[in-house]
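See the structures that follow.
Shared between the two complexes below is chain A, which pairs with chain B and chain C, respectively.
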Partner chain A sequence: MLLYILKRLLYVTPVAFGVSVVCFALVHLAPGDPLSAVLPADATQATIDEMRAAYGFDKPLPVQYAIWLWHVLQGDLGTSIATGRPVLGEVARAVVNSLILASVATLIGFTFGTLFGFVAGYHRNSILDRAASALSVFGVSVPHYWLGMVLVIIFSATLGWLPPTGAGPDGSGNWRPDFEHLRYIILPAITMSVIPTGIIARTVRALVADILAQDFVEALRAKGMNEWGVFKHVVRNAAPTALAIMGLQLGYLLGGSILIETVFAWPGTGFLLNAAIFQRDLPLLQGSILVLAMFFVGLNLIVDVMQTALDPRIERA
Partner chain B sequence: MTAPVTAASVALDGAVPTASPVAEAEAFAPSRGFWGHVGHRLVRDPVAMAAGAVILTIVLVAIFAPWITPMDPYKGSMLRRLRPVGDATYWLGSDELGRDMLSRLMVGARLSLFMGVTPVLIAFAIGSSIGILAGYVGGWTNTILMRTIDVFFAFPSVLLAIALSGALGAGIFNAIVSLTCVFVPQIARVAESVTTGIRKRDYIDAAKLSGASALTIMRVQVLGNVVGPIFVYATSLISVSMILASGLSFLGLGVRPPEPEWGLMLNTLRTAIYVNPMVAALPGLAIFIVSIAFNLFSDGLRTAMEIRQ
Partner chain C sequence: MTDTQAVVLKDLKVGFGKVQVVDGVDLTLERGQAMALIGESGSGKSVTLRAILRLFPEGRSRITGTVAVSGRDVLGLSKRELADYRGREVSMIFQEPLLAFDPVYTVGQQITEAILRHEKVSKAEARARALALFERVRIPSPERRLDNFPHEMSGGMRQRAMIALALACRPQVLLADEPTTALDATVQIQILLLLRELQRDLGLSIILVTHDLGAAVEVADRISVMYAGHIVETGSARQIVRDPHHPYTIGLLRSRAEGAMDKGARLQTIPGSPPDLTNRPAGCPFAPRCFLAEERCRRERPPLGAVGDGHQAACWRAEEAAAAFRAGQARELACA
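Moving on to the complex of A and B:
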């Protein structure tokens, strides 16, 4: 097991390196100088040169990359051009809010996804199965930013039951686990949970159907085990894959939350990215994307290791 | 790293005949050929046919939009803003600048479809080439190409699309470039896995012995046998691409006003949800309908081609 973890780490290192190169390159993909957006139009050449030197943009690209990477490894993601505050602090605050939202959405998605998946897998080609299939097609086809708007129209604009935007009564401040803040997380979390619900339902349905078709299930029934006992065996066999998909979905939601966070003005990484893009705050953009991508890489690693630990049959190279 | 569900290895159910359907039909008179069989199975799938009809209708509307819109999609009237759905003049209501929603939705289909389908088409060409090359040549070429591809899998699709668009700046061209970059790795991974699956087959050896060059084998034997599964996978990405492309415009990173595009219309109408919620929700409904139609059609195509996912 330890050897396996080491192998995975060895494999992840070049990917992480590649991710850092892509994030670094992002800033240099941008048309014009990264500073052009913040400098006034009538800035003198001397001012421009001074700023370029201050941010290190006057050095050759590989040198800039090496310096940037060295700082990143020490936890320094640079300074936001727009606010002048360290990027790490801004991103850390936003990641916590995004992680809360994505975790709640993943939990909702996992609960309903496995429920529908099990029902559909146990009763293949029944009405329930068709309904579960329709639901998963809906989940992957619906533009979630639109679904968010529709839910706001229904539950906020028309019925007035839930607040339309923000993370709490104080607007887009940090989310806290109390009753007042709970009302604010309901709509964005439900909107976000639609995708994992569909994907998990589809996967679990296929898993359960596959497991039920295997010989050992028949053997268990032949030896007189009741359905509840058989069910426990099915769960044990389906769990590693289902949990792995749940883990990956959390990563996708965290990285893909920008649209939903924009609709609901949720103070997370998506909201931060949106601000970074429109203020052309490139260090902030670079830092947020690096953190989110690295989080996703780390999550993948954890999921892989956990899956292997849970299911010894998985032997990977 | 565990592959995402959608990119799960798409495996071939037996080899697809390399010979062209025509030649095949001549050799075995009763046989319909591979594509003939696929077509035959597809027309018997009511869901896929309905989805196909929806796609065809919207494509036709998009093509002929400039000639068939009931009103000028750009001409507004501040006096007739946000008319409700079912209005005598504005059948689907009017937007926040008093422009006819039906006309704008019809013209909007052009850019929305164009921005959704183009990235997948370009990525299909580039991704298949990379994947087939990596899968057929194998060895170090494979390792270098596929490990580079892995880096892009470290970014969730939405994040990568928005990061690239955000860095490149707003605009239709930049949005298409960003979305293409999102789909190339996904298609390349599927192409590589399918190609690796067939490279040891006898007919490849036969082609080698006949003296065909590597390029010819990749173009004729490999491409002919792997294009089906890759194509089906690519069609399943169109729905994602439509949602993402409109999402970019929704964020202000794609199409710029006053050009009608569903994502952008959804964004500008957000302020109207308290005044006229039905009208505000219409552009999103259009995206949803097209996206679900592409998904269902792609599922039907996969079943018809007997490709296991």
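Moving on to the complex of A and C:
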């Protein structure tokens, strides 16, 4: 098992390198000069050149990449052009906030998704199944920023139960697990959980239906296992796939929540990316994309390892 | 029902939706006896077997008639009683052992699970029992094999493990659903011999479902031939193979490959295909394919009638069929 993990870690290295190249290249391929956003319109050519030199934009791209990578490997993601603060700190704070939001959303999505999925899979073609399926189709298809706004209108504007935006009452953007902050996370987390709920429910339904149709379920009944005993086998067989889907959903939520974080002004990576793009804040953009991509790679690694631990048929090292 | 009868089926009918798959089966299995149920695909033999364990989804099947095991009315059991009865009094081995084991648990875990389900013993005792069972079915290096996952075993070994699992709670009756169909020819005979040995040593009553007459003769004392949800002939293994009285049994015997192999002759087949079970014809279900069918066969369904000592056939022209078979045998002998 340990050998398998080491092997998987080794595989990750070229992927990580590729990710860094793509991150760097993507940003530089985009049109527009990053400095034009921060410099006054009437800045002299001398000032522009000086700034370009200061940020290293005057060197050839491969050299810029090498320098950037060298700094990245030392944990230095550069300085944000817009705020002048280190990118790493900005990204780290945003990642923590996004991670909190994404985890809560995934937890909600996984709980309800597996619940609906199991109910639907066990009672195929019943009314329960149809209801659960309809709900999951709704979850996958409804535009979540729209749902977010609707929830805000209902629960904040009309009922006044929950705050509409932000991560906490002080507006500092540091979320803490206490009651006051919890109220702020409810609406964005629910909005965000709708898609994973639908996807997980549909996957688990198909999975459970498939497992229940297999011969070994009949064999379990033939040796006298009751429904609870059979259920435990079904769960154990469904777990590897369900966990893999959950892990991937968590990954998507970490990077793909720009709209929701913007709607709710949640100070996470999506919000940060949004700001970085509009301000053409290259170091910040690069840094956040890189960190997010690496998160995805790491998450896939963890999911793979967990799957291997749960399903003996996946070959070990 | 007497004490010597392990399984008694009376007028058993099993239907799914509009299809009546088993249409009135009577069958008696004596204690310590092995019976083979043979027939082609869709004849209802596997469904008959599963009816003894009531292994059907509750809402989607109809079972009527009598299923009695050791004098107990199986169809009247409650859900809980049924679960206690399955695996403890009657257990089953399946056609494809790779699919009949849960792939994510070791074989040993699945056997101890069955023991712990039915008996109040410690985990260590259950494992010791599983080990003894593995030795009993002659799995080499049993201690190590207990910790194998099903996919880590060979087909023959898996079926041995399946038999060990079926015997885990010392059942009286063992049901075997085509236990050798998925195996290599050389392994098939070992499994059949093992079943026979276990049956004799443990006094098991066995019902073996197969479409392989050779396997049936190898293991069974008695053979019942099924066609379209009915038993069409039943008798001792010798009576069925040497002196068949039903045209369908004769067709099965003639369509065996062995006879045709050496002579370069064409393999004999039974013309036509089994009837549509949603729309049964009146009369004998085999009549459209039968070489002896006459007007009466198409009108009235023949009941099982005695044609010898413990030998019954459901055919209006059983004697003509038997005579035709004997004449065919004589001709073959003359040719050879």
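The working rule: the second predicted complex is superposed on the first by the 308 of 317 C-alpha atoms of A that agree within 3 Å, B and C clash if a C-alpha of one lies under 4 Å from a C-alpha of the other, contacts with A are read in each partner's own complex, and residues count from 1 in each chain.
Following the convention adopted for this analysis, a contact is a pair of C-beta atoms (placed from the backbone, for glycine too) under 8 Å apart; a residue touches a chain by one contact, two chains touch by 3 or more.
On a predicted model such as this, the values are computed, not experimentally measured, just so you know.
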{"item": "Combined model on chain A where chain B meets chain C, clash or fit", "value": "fit"}
{"item": "Superposition-derived comparison: chain B or chain C, residues of chain A touched", "value": "B"}
{"item": "Which superposed partner A:309 touches (first chain B, second chain C, both, neither)", "value": "neither"}
{"item": "Which of chain B and chain C A:237 touches, first, second, both or neither", "value": "second"}
{"item": "Partner chain in contact with A:9 - chain B first, chain C second, else both or neither", "value": "neither"}
{"item": "C-alpha centroid angle, chain C to chain B via chain A, nearest 10°", "value": "80"}
{"item": "Which superposed partner A:61 touches (first chain B, second chain C, both, neither)", "value": "neither"}
{"item": "Touched partner set for A:282, first chain B, second chain C, both or neither", "value": "first"}
{"item": "First (chain B), second (chain C), both or neither touched by A:219", "value": "second"}
{"item": "Minimum distance between Cα atoms of chain B and chain C in the superposition (Å)", "value": "20"}
{"item": "Residue ranges of chain C touching chain A (in the complex, touch as defined)", "value": "53, 55, 79-80, 83-88, 91-92, 94, 96, 99-105, 113-114, 117-118, 149, 151, 165-166, 168-169"}
{"item": "Complex contact set, residues of chain B against chain A", "value": "1-2, 4-5, 147-148, 150-152, 154-159, 162-169, 239, 243, 246-247, 250-253, 266, 270, 273-274, 277, 280-281, 283-285, 287-288, 291-292, 295-296, 299"}
{"item": "Of chain A, residues touching chain C in the complex", "value": "214-216, 218-226, 229, 233, 236-237, 310-313"}
{"item": "Chain A residues touching chain B - in the complex, by the definition given at the top", "value": "11-12, 14-16, 18-19, 21-22, 26-27, 29-31, 137-138, 140-147, 149-150, 152-153, 157-158, 199, 202-203, 244-245, 248, 251-252, 254-256, 258-259, 262-263, 273-274, 276-278, 282, 285, 289, 292-293, 296-297, 300-301, 303-304, 307"}
